[in-house]
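Data block below; observations after.
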Amino acid sequence: MNNARPREGPPLPRFAQLATFMRLPHVPDPKGLDVAILGIPYDGGVTYRPGPRFGPADVRQHSRLIRTYHPVHGIKPFEALRVADVGDVRVNPMDVQNNYARIETAVGAILDAGAVPVCVGGDHSVSLGLLRAVARQHGAVGLVHVDAHQDMWDEHFGNRYFHGAPFRRAVEEGLLDTRRAIQIGIRGSVNDAADFDFARQHRVRTIRGEDVAREGIAWVIRHLQRLGRGPVYLSFDIDGVDPAFAPGTGTPEVGGLTSREAMALIRALKGVRLVGADLVEVSPPYDHSHITSLLAANLLFEIVSVIAATRAEKRRRRPGPRKVGRKERAR
Amino acid sequence: MNNARPREGPPLPRFAQLATFMRLPHVPDPKGLDVAILGIPYDGGVTYRPGPRFGPADVRQHSRLIRTYHPVHGIKPFEALRVADVGDVRVNPMDVQNNYARIETAVGAILDAGAVPVCVGGDHSVSLGLLRAVARQHGAVGLVHVDAHQDMWDEHFGNRYFHGAPFRRAVEEGLLDTRRAIQIGIRGSVNDAADFDFARQHRVRTIRGEDVAREGIAWVIRHLQRLGRGPVYLSFDIDGVDPAFAPGTGTPEVGGLTSREAMALIRALKGVRLVGADLVEVSPPYDHSHITSLLAANLLFEIVSVIAATRAEKRRRRPGPRKVGRKERAR
Amino acid sequence: MNNARPREGPPLPRFAQLATFMRLPHVPDPKGLDVAILGIPYDGGVTYRPGPRFGPADVRQHSRLIRTYHPVHGIKPFEALRVADVGDVRVNPMDVQNNYARIETAVGAILDAGAVPVCVGGDHSVSLGLLRAVARQHGAVGLVHVDAHQDMWDEHFGNRYFHGAPFRRAVEEGLLDTRRAIQIGIRGSVNDAADFDFARQHRVRTIRGEDVAREGIAWVIRHLQRLGRGPVYLSFDIDGVDPAFAPGTGTPEVGGLTSREAMALIRALKGVRLVGADLVEVSPPYDHSHITSLLAANLLFEIVSVIAATRAEKRRRRPGPRKVGRKERAR
Amino acid sequence: MNNARPREGPPLPRFAQLATFMRLPHVPDPKGLDVAILGIPYDGGVTYRPGPRFGPADVRQHSRLIRTYHPVHGIKPFEALRVADVGDVRVNPMDVQNNYARIETAVGAILDAGAVPVCVGGDHSVSLGLLRAVARQHGAVGLVHVDAHQDMWDEHFGNRYFHGAPFRRAVEEGLLDTRRAIQIGIRGSVNDAADFDFARQHRVRTIRGEDVAREGIAWVIRHLQRLGRGPVYLSFDIDGVDPAFAPGTGTPEVGGLTSREAMALIRALKGVRLVGADLVEVSPPYDHSHITSLLAANLLFEIVSVIAATRAEKRRRRPGPRKVGRKERAR
Amino acid sequence: MNNARPREGPPLPRFAQLATFMRLPHVPDPKGLDVAILGIPYDGGVTYRPGPRFGPADVRQHSRLIRTYHPVHGIKPFEALRVADVGDVRVNPMDVQNNYARIETAVGAILDAGAVPVCVGGDHSVSLGLLRAVARQHGAVGLVHVDAHQDMWDEHFGNRYFHGAPFRRAVEEGLLDTRRAIQIGIRGSVNDAADFDFARQHRVRTIRGEDVAREGIAWVIRHLQRLGRGPVYLSFDIDGVDPAFAPGTGTPEVGGLTSREAMALIRALKGVRLVGADLVEVSPPYDHSHITSLLAANLLFEIVSVIAATRAEKRRRRPGPRKVGRKERAR
Amino acid sequence: MNNARPREGPPLPRFAQLATFMRLPHVPDPKGLDVAILGIPYDGGVTYRPGPRFGPADVRQHSRLIRTYHPVHGIKPFEALRVADVGDVRVNPMDVQNNYARIETAVGAILDAGAVPVCVGGDHSVSLGLLRAVARQHGAVGLVHVDAHQDMWDEHFGNRYFHGAPFRRAVEEGLLDTRRAIQIGIRGSVNDAADFDFARQHRVRTIRGEDVAREGIAWVIRHLQRLGRGPVYLSFDIDGVDPAFAPGTGTPEVGGLTSREAMALIRALKGVRLVGADLVEVSPPYDHSHITSLLAANLLFEIVSVIAATRAEKRRRRPGPRKVGRKERAR
């Protein structure tokens, strides 16, 4: 496992070899990993433009540009942590319930191995499977949910398990600590004023896209203190970002976050105890010049880096014997 | 109903007004129609690249170029027949069985009205619903099936109702008169030699893509005599045509029919008693410059025209009093 | 007319049925409407990249995502007002003068019916026809003109009626109350310093794109008080927005408004008496992933919503018997 | 003028320097040229998808790949003839009649200089201006017209000068010797059976697209003997070719010529006395990977080459003193 | 090694997991393989449009559709042979000579392991490295070279090692048995008549693109007997195929092979002793809807299948004890 | 030379005639020019996505929209200065050292003529050649370097002359006055913390992308005073701008400058003594709707305009006899 490092740039060109997330080694077994990057190529839950089933493959391909040092955190996350591409969930494209079972199994194995699952969708319906697995280990978790939509609808054509409902289901199933939940970037037309009731009733904090635009990202970041010290899950729907920066998605909403704001937001999670994360709704057929996949790849790098930076900081604060085995890994 | 005519070119430019199939009037009720063009925007049955849910909308938009006189048949199909765009099936995108019920209802209404349903997919799974409705009225029907794939697989992830299986299901359900069935353009790699067994066992005639290339379309056309005089259903999967001519589809196979061959094939159905037809698997996200939708629109025009030409010929052969009401319509 | 409502999301998927603006009913006759959305597929007035003739069709197709509740205004505009897609002007693509006559007729009928015309271009030359019809009913109107260009050139190859001149013609014809006119987003190279003279001489207020960038949209909005209480026309050229957000246009200028700013601007018109509006210069051949058409659709929704919000506010302020018939409509 | 040669490949890379047709020198004055390649960036005559105004620029850019030796004719046309890019007609985009005057002036100057005009559209309306200039010098000419459409409609919205009418006008104006005229590739739906009457009445030979497909290009070529020994004009609408090979055009018709057939056809004109030619209807906004412009560039090279081969053959047959000045040119 | 099989379709969807060639296992060490598929992402040798460096990654991604049974040969090549994706050559993008050394090392290792290298470019310059390795083991080999260009130029800007020269170098280095060499599909303009001299002098048989079009692929195939019984190398430049079928390439030439002809050609190599092969010049930035990569993937499948079919036939003809170990592999 | 003016808009449409930078005359000889715009179509130095070799041609084509008056500076740069398109460097695509020699020769000639070279790449490796020529005349120069990357790596596959190293080489060769050097927009992952050492050691001021986002462009501009009064070179890598605004580039980094910021930055150079400039890394194969080339064209116009504005200001401040010959030029 100690080879869980990205392939070097030189002497292997970035465009060479099989595509893995950020050129990390492909290590199907999560044992020994700190962070496991997992693809979930399922899009049976979309309601408009399909395509996220190709998200993991495309993000892998266009994550080749990611290098190893994060200059803002001042850290090399793939040295600080053992990170690998564990491949894709063997999704069932035809049966959402069976698919949830498969996601829970795959993510459960990662969690059991002591690793943090960082997942790449797929549509947003997959987050429910992820949260089930995470809550089984950590109990109800806090939530940072970046999205244009609350995804707290009840049902769609009688189906309660689709990309517009995962967080309603998660609340109903007790997977979320809603006092420590925040939604950022919500905007656009909805079906009814009542659409917002569920979040309000469960005291989920909602920061609208208009608020971000008017108040600035620094103002938004101050609300993250709500997350507290407990375990937190990060769910990032790429449509939280504006279509100019992320056209390749299925239900785009104009007026979204800039890529700068998106990155600043994730960086601000330094200190938060992230126990799982997903980046969903990248739809390659609607991308162009791969800018959406490239942004997604960078956001994944931000997620891994902020986990690394958080742990590094913790170690600095808590003096004592260094974690065994760390030395070998860090060479 | 007597306004079931395409909008005139001048003085209304082709690019003006709402998009309907071939600029025909939008007439939701099929009563009084000879041919009803129906969209079925369902793609829950795809196994690879999704997108045909947008097929009907895109074919409508790019069928604006279709004019009213067919120079090879020498007929104006929209004067010879009462044809209209009856809109889309109110599909259930989340439940294939419920969707089949909806298709059967919509198509049944068309058939009950005495009209021939000419449908635009959607993925190929919809053909099963269509055939059920057609067979309920006409009994087991002959089949012309143009496709790169036989679509006679058994199941996919435990699901027996998807775009790889409609014709196996149709045979099992007794909807097809397999002695009068022919598949044209089958090609590409498959999972096993046994994949071809089902068609062979049921004596469906299969003409491979390689045969078309080597023997020529005239040779292929001679096999159409197999269809006999009974009712025949035409199912045209756009991937029967080569990706150079029809890139916008989900499981493209190289080495396919040219657009010339595809049109010649449909024209050769003159004299065949077509009781229903579909054109499926147009996937706009993978199209470019709309050439696939344009081809699909032209193939639909060929289908309507060959129905018109067949009826016109029949009338010429069977002298007697003209059908009542025809005169009014023809003004 | 009381069915002038968008088709419901469920049980009809957004991607199903014929494309109308925002899935509103297609109601050719404007009688009984409060707002009539009208397409004007004319682009005979462009000077560089053509294509806006396909604007109405494309905006219709990609407005399918628009839902019915506007969360910032807190209003359901299609319940508060009777709104429908009245189709397209039967444009004459070959004769600009005849085309103006056709526009005036179509828009005049809308105004005569007591409805507000909200129009989708087409190139910017169409605004002159619109303003003529509007001024005939309302007299000289105030103007909010969002654009990269002033469109106050004199002529082009001897032609005085093209997309660079509508507002000069409108001023010359006395259609505008220039003291209540404001242009926002003007930027980019021009032919001469004298290009700006016409607006200055007629005391049209011009806020440059650089001003928006430097001072912020809140500063811009404060200038809207100039519009006063009289009737105001809104003309929104999509190239007012930056090419990153709206690539699908014919004379793009870098450094434009963001989509956030564009939406904030329209929302800020709450309280203004809008008597007509247009959204022009969407050129689908130059769009990608339909982000320009999607933005245009959202801006149209903002326009209808701000009209609804303004009227709702007025009703709240002016107590008295509710307008007859309103109750039935609101069911 | 003796530098009227394409720029060499090495040591100047094909992708370097300003784009001219086939990397030929830009020589605005046609004096001393044998063939003048002229752009006509006018598309005011289109009826559906616009864009050919950018045809000359795009064909120039993608003609960079054309080299100097034609291996089938065994000739170096730019050594055998003095050929140059004379630039574009200074079109009037707003006035078709004035535009015709400008075309006639520019082409007249080329003809007066003794050069053959080979023109790049622009839409097909420009051919009328070209034929007027050609007929003024040569009298009524024979015609090879490759196209999906006959372009012999009468009018469009009252306009008699648009891309659907140039050859009707040309016949009416006596510019064509219709006994020596042939149309190849005509296909697709039309408005009425009577659409074909004009050509038939004037005894223009029409070879349909279906004929080409069924009989083969060699059969088609045999009909070229109809052209006789008099002066002949070649008008090649890129939509004569199938959209798979030439998607970048405005009124595409499926079932067209292959690029092989198109090239064979032009090569077969060896021996014909070509006095002018055009290649029209390339619409870059609808092209992809520039394959349409590349095909157009190759067809232009075929046209110039067949002129060169015809003249070379003539010289070989007619022994005697070599044409004066030829030696200097051939260095 | 006995797991050198493509991943099954169900229960793993084709779009899931890391992209490898035809979903074969990634096995970096060629030991025990019969066929090793190797990427060579080098494009330092292109002269016009770059991009083939991304060829291997894109062909991997779009080869997901390839299944396991070849219906024309009636064989399952991945059961008949041990085939795997051995990854990419660690190319040096900055130094062609060093790159050749790296190619020779990688390919030499495959040959030493007794496997046939089937390589995916990269530009055509890589074939020289491949031929050096192959000839070192097999001596001078026969050649089937499908291409629009002879690639027998001498130099380019003083550089003798680029994509226009590999076969001239190969002949000079004695790597080819030119009496058993054939080039198919050569066409398009060249710099000089003398360009063809090298092939002629070395008695390489050249079948021009025009010959293929006129005489048919069956006629072409008859010339393959020239290959004899000795070892043969197949080099397939995707630009041998027409841009309509393969737009994603750097120096496209119109008038090329159809995909049907390309596949028929490779299938006809049954019985030929292929000792190595390459498929080069796929340039993803110029592809659309991935049709070029899909065609390339299918041609690779044809290559592997014809090797399998040839060996199967040989075994059938030569009775005797079955090869040891075969049984285990075939489970 | 006094015709060094852009072609007029009317009566020549912007889309007509050969493409030159900003429709300026093509004047190969720089004598008599104040500013020479020079293309350098070389991309042999890229490390990831190739394509900038087509940058000059594409920027020329899409600079057609640039007009002649700069409204913010209030100047007509092409009247204030003699500006022309001097064509492209005759690059050697195969040999970086030889290419540098060619660049130095071409740029040296421009400098010798007393003109300021404003160059269009090509990849960033070309800047070293430019700086050598500039420093030969002006000595070590100050630097404004807008980019996502510092381009101060040491080597790549043993090659020290590629697009990641020009400024390290320039410092080593003494071409830069590093106390007057500033880099703006640097961001994204790098290989190591030590990557930043070189700039720091040489006291180059680096303003990160995050700084621009957080502090605003006005804050950034205040740092430009560092440039002092000496000669300054401006190197603008289009990837300094965000991929939403400039997708057509080879190593895109999310979170970049907006186009507004980019333009404000260049405008703020008024008063700085610019002695040379480049705009590099535009990669047309990855552009869409040409928005990157359009932005590049506008940035070039900003560069020429700020040079003109600086000189105009200087003249106003320094009274005395007007420069001889100026009057003629200014007509």
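Letters A, B, C, D, E and F mark the chains in the order given here, with residues in each chain numbered from 1 onward.
Just so it is clear, contacts are C-beta pairs under 8 Å (C-beta built on N, C-alpha and C of every residue); 3 or more make two chains touch, one makes a residue touch a chain.
In this text, all values refer to a predicted model and were calculated from it rather than measured experimentally.
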Chains contacting each of subunit C and subunit D, listed by label: B, F
Far-end chain from subunit A, centres as C-alpha averages: D
Chain at maximum distance from subunit E, centres defined as averaged CA atoms: C
Cα-superposition angle relating the copies subunit C and subunit B, to nearest 5°: 180
Result of counting contacting C-beta pairs for A-C and E-F, higher pair: A-C
Cα-centroid distance, subunit D relative to subunit F, in whole angstrom: 40
Numbers and ranges of subunit C residues touching at least 2 other chains: 11, 13, 15, 47, 53-54, 92-93, 156-157, 242, 244, 286, 288
Touch relationships between chains, expressed as pairs: A-B, A-C, A-E, A-F, B-C, B-D, B-E, C-D, C-F, D-E, D-F, E-F
Subunit B contact footprint on subunit C (complex, rising order): 11-13, 15-20, 26, 39, 41, 53-54, 56-57, 60-61, 85, 87-93
Subunit A residues touching subunit B - in the complex, by the definition given at the top: 43-44, 47, 49-51, 53-54, 92-95, 98, 156-159, 162, 285-286
Residues of subunit D defined as touching subunit B within the complex: 47-48, 156-157, 187-193, 195-196, 208-210, 213-214, 242-244, 247-248, 251-255, 286-288
Of all residues in subunit A, those that touch subunit F in their complex: 9-11, 13-15, 64-72, 74, 76, 218, 242, 244-245, 258-260, 263-264, 288-289, 291, 294-295, 298, 301
